[in-house]
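Multiple structures follow.
Below, subunit A partners subunit B and then partners subunit C, in two separate complexes.
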Partner chain A sequence: MTIARSWWWKIGALLLLFYTYYEGFVGEVPRMPILNETIRNLYFHVTMWMAMLVLMICNAFYGIIYLNKSDLYHDLVAEESGRMAMVFGIAGLLTGMVWANYTWGAPWVNDPQLNGTAASLLIYAAYFILRNAVQDDHKRARLAAVYGIFAFVMMIVFIMVLPKMTDSLHPGKGGNPGFNKYDLDANMRMVFYPAVLGWTLLGVWMMSLRVRIKKLEWIKDDQ
Partner chain B sequence: MNTALNQYFKLVSHEIRLEFKNKQALTSLLVYSLATIFIAYISYRTALDPITWNALFWIIMLFAATNAIARSFLQESRGLQLFHYILLNPSIVILAKTSYNILLLSVLGIINLLAFSLFFALPIENLMQFIGGLFLGSFGLSAVLTLVSGIVSKAHSQAALVAILGFPLLFPLLITIIKFSNLAISGVDWSVNQPNFLLLIALNSIIVALSFLLFPYLWRD
Partner chain C sequence: MINKKMKNIIASLLLIILQMNFAFAQDVEMGDVMRSEGKIYVVVAVAFTSLAILSFYMIRIDKKVNRLEKDLKK
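Take a look at the complex of A and B:
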């Protein structure tokens, strides 16, 4: 875990986020009907989901590693990435609600993508309830890993497969044209992709900090 | 392979015999779902429009399934679990338990359907499609809840945890099955409903494959 202690990618994350904020607030964006200036939210809303998804993958991946190696450290990484995924999920939901309020007219609409994210937050809430229900460390880790992997697959079905099969207000789904078709011009792409990377790195950074704090607590408990 | 198949059939028939030896659980399950349907009947007192009918049917199925399957591991004593642990292949155990629960829930689903047609009129245009969906829905509900019940039994927690852990995992399945049944109720052509049917089969296969792979990790204690 030397990469968690190295500094270069954290500087990179900060630079990318400064760039995102600068371009997000004063950069050039296309003038679109209905969307108007809210299109800037693309850098702060869609990116949350990307970061959340990466952290969820992290959670399932470390769950699999734990099941094979039985090292509690891997369980710790899985737990903290699940927690951070929830933080980013809530942030994405809030930014999305603000955006929906101005474009679709209401903060909550019956949309498969919204339902999917509400479901994934509920799944992670259940994941932490399960963790709290078990006392023994290794048993907790094992049950949580099994539940986490199962939940991850169900969630991927829910947020990636099902929305493609139903009508959605989101771009690119159910007959709506995708972003790249009309408004994600090259200019916005130059901000969007760095923003995704920046937010994801921030999430991983926050997660690794929590992991390191927990590890220090373990060492303190051992003494 | 032959021994695995042998084990599987032995375990399923063991479950069935156990159920009929102690009929109390079966009866209470039946009374539970009939009482729930009756509560729905005295709350509505009118004929339901098809969408409400369908939603109500599946919600009652969901609760009946949770009630039926939550006990599938919890009722076993510690000694019996240890006995199984020494002698049996865990993947076979989960497959047998799941199969038995599918059987149980399919029968319960048919009984629920009969009770629904008694209390509320039957709005279904295409009954065969609906029953096919009923079977696939029971399949998925059983498979998810059996695995969750295995997790909860290892957590030594109360059975209410099955609902808390299981319901969020069932959202994708329930959305698909309710859509499929709605279309079956409105009597659309098979070609319209086919994508949902295939999606249900795919979902069920994923669920069974995952419990087959993951259950052995729960098993070792």
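Take a look at the complex of A and C:
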């Protein structure tokens, strides 16, 4: 609770984002055909997925903690991190569609990575539908935690395993060289990692705000 | 004898391909004009403004939740 109230990491997140925006427009990037300047999208598109991944891990992790301790607070954190992960997932999908439109020629190409992410977002949409379908608090929390773990494993399979086994336009998938191997030079790495951290912390901040507001509602309902 | 010739041809072909790649990489069209004119800083300024407003708003919400928490704990 004290971490949720402290300011240093929130200010840090904002500073990292300012750094990302500055370096994202001004910093040195490798000159590559077709990609041209759009390689800068790495800081604004790929980071969405990284933030989503961290929040999904949060969702599964707090689900497991709930199953251990049966404290509804952990279920609340799991729910809100899942919700925030959906927000970042949709942002990642939309930014990816814009980028794909100008480099691959169409907003949606039949790529296993794209279809996999769409499928995993639908799986997580079902997570919220499942939550709404159960009335009893603890029953809902238990079901959601178990389903959340299942959904997390499915998402890993869909976005990290399957695209690597078939052909994909994404770098690092299906024999395409990854950003890490050839393209992501030292300059870009110095921006990409802080950018991932900044966006992730922003997502965690928004998630923690929702958790705190919900807790206030609980206190109000008790009175 | 033939082997040596073949090797030479392949080596020179490889060299030509490598050089072509290198030349290609240099000719990639980037927003160099925008950078040399300094106009890119206009983009940075606009992006910073929107980010500053977002930051301000996030901090406002956080402070408000802080206040509500204090009020309800009393």
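One rule holds in what follows: the second predicted complex is superposed on the first by the 222 of 223 C-alpha atoms of A that agree within 3 Å, B and C clash if a C-alpha of one lies under 4 Å from a C-alpha of the other, contacts with A are read in each partner's own complex, and residues count from 1 in each chain.
Operating definition for what follows: a residue touches a chain if its C-beta (ideal position, glycine included) is under 8 Å from a C-beta of that chain, and two chains touch if they have at least 3 such contacts.
Bear in mind that the values here come from a model prediction, so they are computed numbers and not experimental data.
Touch criterion met: A:126 reaches subunit B, while subunit C stays clear of it. Touch criterion met: A:219 reaches subunit C, while subunit B stays clear of it. By the touch criterion defined above, A:137 reaches neither subunit B nor subunit C. When both complexes are overlaid on chain A, the residue A:14 reaches subunit C alone and has no touch with subunit B. Of the residues of subunit A, not a single one touches subunit B in one of the two structures and subunit C in the other. Remark: subunit A residues 67, 115, 119, 122-123, 125-126, 129-130, 133-134, 139, 142-143, 145-147, 149-151, 153-154, 157-158, 161-162, 165-166 touch subunit B in the complex.
Per the touch definition, subunit C reaches subunit A in the complex via residues 24-26, 28-31, 35, 40-41, 43-44, 47-48, 51, 55, 58-59, 61-62, 65-66, 68-69, 72. Within the complex formed with subunit A, the residues of subunit B that make contact are 147-148, 151, 154-157, 161, 164-165, 167-169, 171-172, 175-176, 179, 195-196, 199, 203, 206, 210-211, 214-215, 217-218, 221. On the subunit A side of its complex with subunit C, the touching residues are 5, 10, 14, 17-18, 21-22, 25-26, 31-33, 36-37, 202, 205-206, 209, 212-213, 216, 219-220.
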